[in-house]
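The following pair of complexes shares a single chain, chain A, combined with chain B in the former and chain C in the latter.
What follows is the complex of A and B.
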């Protein structure tokens, strides 16, 4: 065993640097660098959110969601989120277009790409973790209007299951379970269509004479129409539950498509391009 | 009852066990970080890092589970803290060893790191046997 007694100068400098950084951070935090420290009383901004997000006494302007962020994203700031969703949709179309070379098939037979995957230990635990990821991401999506989370977060969480499966097993593992870009593209179109219909639905109702506006959720003083806030024990927050669910479907399928495209080896593209 | 007068005996025992588990975690973290600096090659350093993740994260999380269940002035929130800490501990127990196993296996198979100061290398001997 050879262990050098004298440490190189770079290691000493790195160690001292880290120690200095820790001490400085400690001083900065004590001096109040983290900014506003929470107080006992409610801040004016929090009061605003509590007044407009969920307000059982004055339902004129409420969004019917106990999650302030969700009520802002899907109700008060709805247009922004709609355009965000469409930007994401178009971005993935762009990625597919860049990688679309005629002749490159999405599905490989077992002969071309024989992937054995990682060892048995990794595979066993990955199966468990994938199950956890699926459950947790669905929970994030469905509870999006009640607890922190929401559609986009849940969608990016469920796409991790695809990534884990590609890394630990192989692409063929997914293909055998029919998870291909051919399946995922229509699914994400369905998700975006759902969001669009939910947003434009109130405007279609306006055509029949009832006052309503695009992305309307709850009844407003000038528009008397609105979604039902909850059915029995299930609190849907009007249409926000469905927005979250469709966003989850669209984003999850979109990221899955990206991972599936990126896992096609360069070799196959080169083989097709040489022909 | 004995040290903390406002807790009942069961809660007090849980609190003391929780504190002991957290201290075990501190010990494992110190041992792991010393090992990371002092050990000679990649594989034993990985072993030291795993001491840090399993011993230094899982034991304190179980300790936090017990401690938060014991401290009754936290109200209902203690069940949230306890469940969160417990589930995180289970997740780390499941995934951290798999991560280090995959790293070590990949490093050995791709021969990126030399198994240099070594006593024996059973994996290499096994591979030789399979080849023959």
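What follows is the complex of A and C.
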């Protein structure tokens, strides 16, 4: 096949067309085509959430949480987060399905590839860093309803421990310590089950006649029932603490699965596929 | 391995992790103290075997004394000497450098002691550990001013004091 070195005219036309479209869109937005553009001073919508997220004097619409972003994520727009979690959950099922090649694990356990890992300096420091990553990500998770952060961030952070271990030691190092996809898959299912039960729980209560709705956290003017905001010294923001915890478990285990899968060398896959 | 040994290891690691938890939370409210205790023990159960080889070492007062002494020695004496030496070489009109990679022997056995010496060498300006051979017990160090390549000179000039402390802290 002969590849022409002259750029075809159609490409030039498409390129110019895209550029023109972008410029026109920009002008349209500036001219106000999107309708209401929020002003630079505090926006009424933001005002609502900042006013109500934690308000000891007007609990009508409150979420019992000083962390306004978390209140939106798990309370005011909880459906969105539920779907996000489901999408992430399903996406990883896809990844697992794609990489599911029988025999890959055998190659590892028979020690055809024995990872030596990086130098002693890197290994020793990584051991310490892994311990710190574990404790700090738990701190992020349990403070999700109080300070910036939350379940997803904490889950992403804790999975970095896996990535570090793979990079500094080897995949086998984790497998010897039972950190395998086999263990992580049920754990992340438990995390998502927890989120599902928390979301549906209030609806089940509605079946008994008390007014409440799916994914409800605090009592609302039209639904009297709600989660207890805190127990003793523990401020839970109703169900937000538990949402964060389960999200942490689900996302942490999910990313761990992905990193474990990615650490299988292409060579092994090809070798197994050829058989 | 006895239950006591394992418990001692877990407690030592948990104390360190608790400090990290409190720093990360930036709070000493009762809730954070309780969370901190629970989760640092939980994480310590998982990682203590990885971090501590011998259970008696974290409880040895002498080692802690040497750790504090080394902190002062390293950040006040060693860093000052290394910085002033490199600054002199930068500012000197003739730039008297004689760079090269030399072999520096070490005489410690534990991982932490080896890494302490290696990182101490790297962290002081003028010397960088580029590789190490744990079997033959050598660091390969890039040195800004190679006085002589023989092992005695390199050891005396680069890592003697670091090893003196690292041996007493970790070995």
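A few remarks follow.
Throughout what follows, the second predicted complex is superposed on the first by the 225 of 275 C-alpha atoms of A that agree within 3 Å, B and C clash if a C-alpha of one lies under 4 Å from a C-alpha of the other, contacts with A are read in each partner's own complex, and residues count from 1 in each chain.
The criterion applied here is as follows: a contact is a pair of C-beta atoms (placed from the backbone, for glycine too) under 8 Å apart; a residue touches a chain by one contact, two chains touch by 3 or more.
If you're wondering where the values come from, they're calculated on a predicted model, not measured in any experiment.
Once the two complexes are overlaid on the shared chain, A:118 sits against chain B while remaining clear of chain C.
Comparing chain B with chain C, more residues of chain A are touched by C. Touch criterion met: A:235 reaches chain C, while chain B stays clear of it.
Shared-chain residue A:139: touches chain C; no touch with chain B. In the superposition on chain A, contact is made by A:128 with both chain B and chain C.
Residues 119, 121, 125, 128, 132 of chain A lie in contact with chain B in one complex and with chain C in the other. For chain A in complex with chain C, the residues that touch the partner chain are 119-121, 123-125, 127-128, 130-132, 134-136, 138-140, 142-143, 233-235.
Per the touch definition, chain C reaches chain A in the complex via residues 13, 16-17, 20-21, 24-25, 29-31, 34-35, 39-40, 42-43, 46-47, 50-51, 111-112, 114-115, 118-119, 129, 131-132, 134. Taken in their complex, chain A has these residues touching chain B: 1-3, 118-119, 121-122, 125-126, 128-129, 132.
Interface of chain B with chain A (complex): residues 38, 40, 91, 94-95, 98, 101-102, 105, 117.
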